[in-house]
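The first chain written gets the first letter, and so on, giving A, B, C, D, E and F; residue counts start at 1 in each chain.
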Amino acid sequence: MLKKIKSGQIVYGTCITSTSPTWPAIALRAGLDFVFLDTEHIPLERMEIARMCQTFRAMGIAPIVRIPSPDPYRACQMMDAGAEGIVAPYLERPDQIEELVGALKYRPLKGELLDKVLANQDGIDPPLKQYLDKWNEGNVCIANIESVPALNRLEELLAVRGLDAVFIGPHDLSISLGLPEQYDHPVFEDAVKKIIRIARQNNLAVGIHFSESPERQIRWMKEGINLIIHSSDLALFSQRLQSDMNAIKEAAGVTGHQSDNSGNVV
Amino acid sequence: MLKKIKSGQIVYGTCITSTSPTWPAIALRAGLDFVFLDTEHIPLERMEIARMCQTFRAMGIAPIVRIPSPDPYRACQMMDAGAEGIVAPYLERPDQIEELVGALKYRPLKGELLDKVLANQDGIDPPLKQYLDKWNEGNVCIANIESVPALNRLEELLAVRGLDAVFIGPHDLSISLGLPEQYDHPVFEDAVKKIIRIARQNNLAVGIHFSESPERQIRWMKEGINLIIHSSDLALFSQRLQSDMNAIKEAAGVTGHQSDNSGNVV
Amino acid sequence: MLKKIKSGQIVYGTCITSTSPTWPAIALRAGLDFVFLDTEHIPLERMEIARMCQTFRAMGIAPIVRIPSPDPYRACQMMDAGAEGIVAPYLERPDQIEELVGALKYRPLKGELLDKVLANQDGIDPPLKQYLDKWNEGNVCIANIESVPALNRLEELLAVRGLDAVFIGPHDLSISLGLPEQYDHPVFEDAVKKIIRIARQNNLAVGIHFSESPERQIRWMKEGINLIIHSSDLALFSQRLQSDMNAIKEAAGVTGHQSDNSGNVV
Amino acid sequence: MLKKIKSGQIVYGTCITSTSPTWPAIALRAGLDFVFLDTEHIPLERMEIARMCQTFRAMGIAPIVRIPSPDPYRACQMMDAGAEGIVAPYLERPDQIEELVGALKYRPLKGELLDKVLANQDGIDPPLKQYLDKWNEGNVCIANIESVPALNRLEELLAVRGLDAVFIGPHDLSISLGLPEQYDHPVFEDAVKKIIRIARQNNLAVGIHFSESPERQIRWMKEGINLIIHSSDLALFSQRLQSDMNAIKEAAGVTGHQSDNSGNVV
Amino acid sequence: MLKKIKSGQIVYGTCITSTSPTWPAIALRAGLDFVFLDTEHIPLERMEIARMCQTFRAMGIAPIVRIPSPDPYRACQMMDAGAEGIVAPYLERPDQIEELVGALKYRPLKGELLDKVLANQDGIDPPLKQYLDKWNEGNVCIANIESVPALNRLEELLAVRGLDAVFIGPHDLSISLGLPEQYDHPVFEDAVKKIIRIARQNNLAVGIHFSESPERQIRWMKEGINLIIHSSDLALFSQRLQSDMNAIKEAAGVTGHQSDNSGNVV
Amino acid sequence: MLKKIKSGQIVYGTCITSTSPTWPAIALRAGLDFVFLDTEHIPLERMEIARMCQTFRAMGIAPIVRIPSPDPYRACQMMDAGAEGIVAPYLERPDQIEELVGALKYRPLKGELLDKVLANQDGIDPPLKQYLDKWNEGNVCIANIESVPALNRLEELLAVRGLDAVFIGPHDLSISLGLPEQYDHPVFEDAVKKIIRIARQNNLAVGIHFSESPERQIRWMKEGINLIIHSSDLALFSQRLQSDMNAIKEAAGVTGHQSDNSGNVV
């Protein structure tokens, strides 16, 4: 996956929340490049993540795990469990991104020596550098940008060396902007465009995670999005179930059940 | 659920294969009356079934479990785990249905005395009968009819006292007819119509489990189907994922991934 | 445990249904000799049983597992999982007990040769006998006697060589007698006394599983019961919770919640 | 639950530690308003908590989860898993309570903007406020007060806006007072009375978690406790098992096993 | 795997009993063609088997599952869970092998029609045959031959059409011969040689499962074994741990712990 | 275990990563004193750790758990789950060791009072001290020393009162020294010798965790190591599987698969 995004290719994925052993085959048939495993909002722990990562990796689908908080220890646990990349949520400060880079690009170096290296990424001995590069090969380091304070510091944040990509969390961003779920509001759109622009200037891949119709992904793809993180098993199953059931009940003369998308936010 | 189908109401459900704790809320939002939990083809064991049954029952959604073979011991285990009804697969002989009735309507009676009761359902002492009726209140006894030998003995099979409903397995039935997956073939359609007709003569509810577009359910509903067992989480998620991804990739200029429904058969 | 019951000692146990890792320490503190793990009514599968058996055995508490049906394959699976003894439910015929003896006393012998050995337990070669005796050392073979047909054949059933003990299932027995839950009815009491008498004549241990007050165990202990299988975690927790809550609510002036013991039957 | 405690009603619950699928029905039969799920001392992770929360909520029993440390990220994970309220343990500083309020009352707001809001809870835009109020409706925010430093700062701690209730941890409190397990010591009693008094002045509900006889709850209920968090499945099962077994063994002439309540502390 | 054994190639595997998510990578590094997942003796249920099968298949390692008894329903469940082949234990009669062939080569055909087809494997309609062949493509049907009665009927057993391979269970075979664990006894060796000879005459692959030193596999490979099912994770871990610990303790001057291989039998 | 190491005895253990219920018996047969359960690198959560700890403790084998980061809350959770000792990874500062001592030797004291006690371990009231000593009896407090900054502060670190033992992490240490995996390099060897020397001066037990041949343990045992933490189930199984498979394939004329030890690092 890292190679693909570094070469500017579009990669495709969805969020998988179910541990069902029949799910990975569905992702494979749908031609996905990656799956997004969200441990921030979904109750998945290390054992479940490890099992899912092993299966997806064996299928050639990159498992990208979001950790619940910007905690480098948690990032390392997920990499040990088989993740190919980490998303840290709600980053607002450069040191949070640096810590993530430390976990993704410089392990098994830790502690005070790692702090020194992060303060000066060029100051590392070549033989050790080579060892660490091999150890961390292919790891994808992704920052969730989803708040006004992050927007205000965007140039600084996205310039942190070692960062590979940006995920925009539209729900949190809309709330931080004081425009909850108003994804068509011009202020919201400007914010997204700004993130795309600065991400691209820094040669970072960028994606936005919507759980609605594919049109939203297509619209933003045209604006430069190249990480297509589209919806989730939860939302896709729920949307199709409701639309099918509504059609059947209507045919049966039952007054239609209201469509309800609450709970689809990840 | 038993009351609803006895009064001729249409009931709505889908097949749930994932144990994800976020799933039941989706079923609730979609207004389902029941869920079909298939332990014949899906690797779900007693512990998982028990957890799912507890949650669905607490939500007022009836969990109906299919057992892997016509085994009354297995039926009892699933009832103890919290099922509200049992589907036994591929029934072809009246004694198989009687054994199922024994498990659903006469427990905790077992062994030789149960055999005697099943041979003569009127010969049971009234006080014991009353106790057993209360114990088994609301249990739904469902036969899978899905083969030519079953079709040939249909009057006899569906006349077994205690049976409440019939589930048609279209995939197995089409194969037994020598017409694999030819669901529009007139011979297949005649077979389905025959099952509906004789089920209704015996005052049994009847359903057919398709994992395709809602049009199939609607078409058969007009022919008299009143157990709407529509698709599965697996198929619904897969279908919507593929259609969304195809739309997105097309917009990106990627030649579309072929739609593939294999693996959706339950 | 086998040694203790063979020497006529009373052994004490309860039924454990929860897989909680904090439970075994409670059993240990209560001074139990064995625990009864019921896979007939409780949704516990091989993995859970294996984990529970390992821990209880390591504590010196014998795990005795009831299988869901008189199936020697299932008995072997539970022994492989770490059980120290097996209870087969609702036995009514000598061949069912013989099959259980085959699984508990003659494994790994199987198939046609085992059938031959069971037909003539003396006809086995001494060196092989010695090997099998060592392999099966300490295994406890227990029959559930809980029906009128079993009562009628009791001498024959309890004379099967290799059987070690009898568990009386009072609930099933009362139903088979047409006296559901009438545990003080003289016909019920006579049935229990008959089982105790013939068990003792055959030098078998005998127990009865009640989930009510300890007085019932004490009363039957005086009649000769020496396997004290008293209540279950489910019933004990429920009874104490209800009695404590009733006391608290009464003190708060809330009209007492009705005591309800349904669901305590195992 | 929030409504009930805000209106001054007494609510009743126990601590549930077992994940057994048969447990929730026991809680329902006992007429509980809430269950206390303790992830501080009991090895329960997100997946287990999510399953338990789904089932209890569907039954109308509020699941209240204690997190292992005062960590707002962990509080959010438990709310996402289905908790209706959070207890944070061993709080001693107002900022710890504010962070908890942030997680329970202002999500999905996070990061620097949340810090600003917590510093001035009135400074939030009305439309956003309305959105956040709806999102967090019914969430119950509970502080564990169980140490001398907390007692010393009690007025300040319990005045934090957004806090709904106080749980007293008697074991930790007795140790912090230098009076381990001396729950009848006047200094201990004065401390509890002080917490009750100040909680009530701030219109907060208040409870104390004992795992002993109901008399303790009743005694403190008379002093003003209105969150009855009585004992745990672990303690209730253990206490009843020991008392029943002691009665049986005594009748058998076995010298009684010593009653031992260690291990019942949660 | 089926192609390889049909073309006479040697295939290599071991028995995996642990569900640990880090295990499959070890099998991959060791260059295995298949893994043997034994549900006869090891407490693994459908959910665990399904997870293991998904991961091993994704890695290109064929999961071969042994079922606990010759039960075609169980065989189908394991195939649905992702197995690539089935071993049925302790087969002694041709109808047992035919039922296994029915489950592995003719599904989803079931019931009376399947019985008819098994009685006359040529009497099936070509279009249906083609459908079934595609459905069952690559499935490997394996019989455990491990008893004297099976030896006596070997020609008949191994001539059943649809059977692909034979697994010899040396432990059971030695017991059935009255020579427990005497794997070097000439009578035992003659029995193995006979099985190899007749298997090869029927163009079947053949393997023998030892959990000892590789020399045994090598010795029998030279006699014609081409399914190398060598040892198990359990035995390999245990043997290496004991030999390393003995070396270390000897160096420490501790008198060596006795090597003990009991418990390594699968 | 604490008694043994305090008296200077050598104790023997391995790292167990698999939750398989058949594993503990292997550890028992191998005569281990302790097992090392690593939650830093291995995806094991509280529920799995709790189950493993219960079983190992019941067998008289001490479960020693490594936590993922120097977090006293996590240490307490693992002690509550049944651990007999805790290893905290990559310690470089005295306050990190003090916090660990707080969690292992002074619980249930917490918060500000604990901080005070840690600042002055003699300033605690005798009756409370006695209570806490009993509560924490036998707990083993272990520091992972595996970096240059830790080496530089070694005297100070190992002098923290309450610390019982030191585990050397050779992999991390070699990287911190800029000598990745060069375990025979004189600079690496000098570092290990220094740790052994200062540990022994402070009367601490000391171990080093290699996953290679037993010779490394023996060599360092002669230098003073007395906690033998040798290899892991993962490495032992992998090494033996590869060596056996290589022998078999060589005999079959297959060009040997390269031995590969990557992935064995814990």
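The working rule: a contact is a pair of C-beta atoms (placed from the backbone, for glycine too) under 8 Å apart; a residue touches a chain by one contact, two chains touch by 3 or more.
What you see is a predicted model, and the numbers here were worked out from it, not measured in a lab.
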Fewest touching-chain hops separating chain B from chain F: 2
Number of hops, chain A to chain E, where each hop joins two touching chains: 1
Touching chain A and also chain F, the following chains: D, E
Farthest chain relative to chain A (centres taken as mean CA coordinates): C
Label of the chain whose CA centroid is most distant from the centroid of chain E: D
C-F or E-F, whichever has more C-beta pairs in contact: E-F
Equivalent of A-E within the choices C-F, A-F or A-D, defined by over half of its residue contact pairs recurring: C-F
Whole-Å separation of chain centres (CA-atom averages), chain D against chain F: 35
Whole-Å separation of chain centres (CA-atom averages), chain C against chain D: 39
Chain D-chain E separation of Cα centroids, rounded to whole Å: 53
Per-residue overlap in chain B, given as positions that touch at least 2 other chains: 21-22, 25, 42-43, 45, 47, 50, 81
Pairwise touch network: line, ring, star, complete, or other: other
Chain pairs in mutual contact under the definition given at the outset: A-B, A-D, A-E, A-F, B-C, B-D, B-E, C-D, C-E, C-F, D-F, E-F
Contacting residues of chain B [partner chain E, same complex]: 40-45, 48, 68-69, 90, 92, 147-150, 171-172, 175-176, 178, 180
Chain E partner contacts - residues on chain C that touch it in the complex: 45-47, 49-50, 73, 76-77, 80-81, 108-113, 125, 127-128, 131-132
Chain A residues within the chain B interface of the complex: 10, 12, 14, 17-23, 25-27, 29-32, 42-43, 213-214, 217-218, 221-222, 228, 230-231, 233-234, 236-242, 244-245, 247-249, 251-252, 254, 257, 260, 263
Complex contact set, residues of chain F against chain C: 21-22, 24-25, 47, 50-51, 53-55, 58-59, 81-82
